[in-house]
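Contents: one structure, followed by commentary.
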Amino acid sequence: MKYEHELTRGRIKHRRAVEIVAKIAMIGSTTLVVGSLLAIIGAIIWKSLPALKLSMITQSPKGGYYLGKEGGILNAIVGSLYLGLGATALALVFSLPVVLYLNLYTKKKSRFAGLTRFAFDVLWGIPSIVYGAFGFVLMMAVGLRASLLAGIITVALLELPIMSRAIDEVMVLVPRELKEASFALGATRLETAFKVVVRQCMPGILTAVLIAFGRGIGDAASVLFTAGFTDRIPTSLFQPAATLPLAIFFQLGTPFPEVQQRAYASAAVLTLLILLISIASRLLIRKLTKHVIK
Amino acid sequence: MKKLISAIACFWIIALAASPIPGAAAADISGNLTLSGAWALYPMALKWVEEFQKINPGVKIDVQAGGAGKGIADALAGMVDIGMVSRNVQPAELEKGAFPVAVTKDAVIPTLSVRNPLLKDLLARGLKKDEFAGVWITKTVTSWDGLLGRTGKAEIHVYTRSDACGAAETWAAYMGKHQEDLTGIGVYGDPGLADAVKRDPLGIGFNNVNFAYDAKTLKPVEGIVICPIDINGNGKVDPEESVYGTRDDITGAIARNVYPSPPARDLYFVTKGKPQNPVLVEFLKWVLTEGQKYVPETGYIPLSAEKLAEGLSAIGAGPAKK
Amino acid sequence: MRLFKDQAAGKLMFLLALFPSFLVLAIIFGLFQKSRAILAIRSVGRLLFSSGWHPLKGEFGLLPFITGTLWVTFVALVIAIPISLFTAIYLSEYAPRYVRDLAKPIIDLLAGLPSVVFGVWGIMVIVPFVGNVLAPLFGVYSSGYSILAGGIVLAIMIFPTIIHVSLEVFASIPFALRETSLSLGATQWETVHHVVLRKGAQGVMAASILGLSRAFGETMAVLMVVGNVPMVPKSLFSPGYPLPALIANNYGEMMSVPLYDSALMLAALVLLIVVLAASVFGRWILIKAEKRAE
């Protein structure tokens, strides 16, 4: 072993020094990361203070809201929730079976699996504006107007690779013995999929859904051309829907400082929403982790 | 109730006076309309939509901003009923079926930072059109000191709009060019530009009137000063050229044609082809007639009577205007 | 019957699994179709390598945007990878339990923030920082709207991605390996260096490539701070104009200028090809690393 030669004091001092430098680098980095988040959240809250009123989240915009009059962003909150839940559900329907297929039905070195995973990689990297553009082209081809449905489809496309990759990462970690035990007991692949693997991966799947949901609900470029915008809460899939990121965007774009402050408040609301869902799902994970075998 | 009756009465009078369309009772119209497009038109459109919906509760109208480019793209794609466009419609767009109706007027005005070290002299002198071109297009005017004929190295920091927008296109049109010919740091959105100039003492930029002036105080937004245009080119800002004190000053100047056009410009509602939807036609007619009374209080400039009549006949019984 | 269900489900899942690859092809095809108009009249070389961007004159040189994208992404990675790695190592190897439990949710929250918020914060904090603090330090003038600003904002956005995956990679390394190293007299840092990082190198690389893909695709936040000047950047402090920003800024004009929509679609296609190339590269490295580990 190399270290047998390093018993001289100089070497030990050197190793200690390296250790200290490394520690500084690490603590510094962590502080930078955590600090930048706190700085961003702090800035949002500080700039939004004057506009933080209960009416922000309980009312839709009344006439002239973007010119400084009363109202709130309830339209965007509900619109985003409809959009996010719809898109995430749609993405889940497409991604869970596919990832299960890749992990249970294909062979170990299957080229098809490799190809599909590669496709997911590529889709993962496509900018959301390209999805927005693609969605717009689809809408024009089908004759669909800017609506909740168009937004849901586009955001589902955006979320698909994110969710699939996240689920795949957890599912790959399922020990082979577990699957083999299930097969040995006579279960089909389908049954193994839903009764064993999904149960085992539940926390991971939920985390994946959460990550995808967060990304989908927070993205502006994909909904800009597809979901439209309205001051009302949509009552049908074919009506335009307001979304929080666009609401933030439009409020920032008005010349009225009070409305710009509301933009920050809207950003705070969006962040809070994601945080609440994150906490709620962590609790849910704890409940459903009963069946996970460590 | 009284308002409804008087609104109906107005409609009848105007309908009879303007064009021979069989007028449906205004209170009966219902339907949905969507608008999207230029930030410049956004406040005015919102006001019109609000008032129109008050008179016609059966009509639901949704307004979305997103820029003039989005407005025309959405209108031509059939995604919205009306695209709000803050510049002249291009030939390529007309070929695709764009049907523009001028609805009001506003202007783009050049801006400086209140912290500019040479502010007093600049305000006394103003800039001429070719000097603006030197700043934004040909880059021959690069320092504040140079402009004033002094020694010193205060560079001019030029800002423009990164997003394809009516304001930049109109500002460039003033110098005979297009938005793509404007050099400078591209900032997103009108408020973004104002912000950038606010924070940079050596900055120069431009804004829509409604974004440069505070809507409540009617004075220029804090941190911004309007850069006077030396219209007659005599090297100083004459009293007739000093029209930037309050928003009313500048809108008055634009209405009297003292302020040049461009950068003052007509703002358009663009539909795809001549509007057929009766609700749409009603709304447009209202905008060109009743709606005009809301224009000055919202900070815009009313169109001349001829232009309004032109618009009315274009959407009325007359042949489609190209 | 159960076997039938299994087979049927398998066939259905297979069909669904074709979807991602199909989607990638559909997007590539769609973009290519729309780019053909401009490819027909300008050579690919001229489009990719000339730097004049004057659409109204028919000049569509994409070089400034390609270089802008590469620069911004490179800066972001150079900043993000070391900091994320150090943070992940700290949290995984050194930090006391409570710090880790506190930091992880905060970092995940960073991942959930909408990009508009990053953009706005970037304008508030990073742009003045670059313009008034960093640039004078180097004796250069910068308005602050620069490649560096874009890179910093982007780096903060991809911290959570790289940290998250790295943490999982480190967690999967058996504790016994670390114990062995420590019992042989290595310092903690040396353990990290020679054991954890060695074993985790492949995963860390995967994390970095994920970060890279995310960086390529991010549109809104970078657009707001990067300066949007269509020229090849001369230095970190000059403004830049990455490809996604080009598409986002001008998407609405597509209908208006002849060939503009075709050029923008070509830009999107180029972006997609870059993402594809990065994904291929990533997969290749991973496969090589796996082979070496066997």
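For clarity, chains are labelled A, B and C in written order, and residue numbers in each chain start from 1.
Keep in mind that, in the parts below, a residue touches a chain if its C-beta (ideal position, glycine included) is under 8 Å from a C-beta of that chain, and two chains touch if they have at least 3 such contacts.
No experiment lies behind these values; they were computed from the predicted model shown.
The interface carrying the most C-beta pairs in contact is the one between chains A-C.
Relative to subunit C, the chain whose mean Cα position lies farthest away is B. Rounded to a whole number, the gap between the C-alpha centres of subunit A and subunit B is 39 angstrom. Between subunit A and subunit C, the centres computed from C-alpha atoms are 16 Å apart. In subunit B, 66, 70, 77 are the positions where the chain touches two or more neighbouring chains simultaneously.
Counting partner chains per residue, subunit C has residues 248, 251 touching two or more of them.
Contact with two or more other chains is made by residues 225, 252 of subunit A. Residues 2-3, 5-6, 9-10, 12-14, 16-17, 19-21, 23-24, 27, 30-31, 82-87, 89-91, 94-95, 103, 105-118, 120-121, 124-125, 156, 159, 163, 168, 172, 184-190, 192, 210, 212-214, 216-220, 244, 247-248, 251, 265, 268, 271-272, 275-276, 278-280, 282-283 of subunit C touch subunit A in their complex.
If you check the complex, the residues on subunit A that touch subunit C are 1, 3, 15-16, 18-19, 22-23, 25-30, 32-34, 36-41, 43-44, 94, 97-98, 100-102, 105, 112, 114-116, 118-130, 133-134, 137, 157, 160-161, 164, 169, 173, 188-191, 193, 211, 214-215, 218-221, 225, 244-245, 248-249, 252, 263-264, 267, 270-271, 274-275, 278. Across the complex, subunit A is touched by residues 34, 36, 39, 42-43, 46-47, 49-50, 53, 60, 62-66, 70, 74, 77-80, 189-191, 194, 210-212, 214-215, 221 of subunit B.
Across the complex, subunit A meets subunit B through its residues 63-64, 66-68, 136, 139-140, 145-146, 224-225, 228-232, 240, 250, 252-256, 260. Those residues of subunit B whose C-beta lies close enough to touch subunit C in the complex are 66-73, 76-77, 90, 92-93, 96, 155, 157, 162-164, 178, 180-181, 183-188, 192, 195-196, 199-200.
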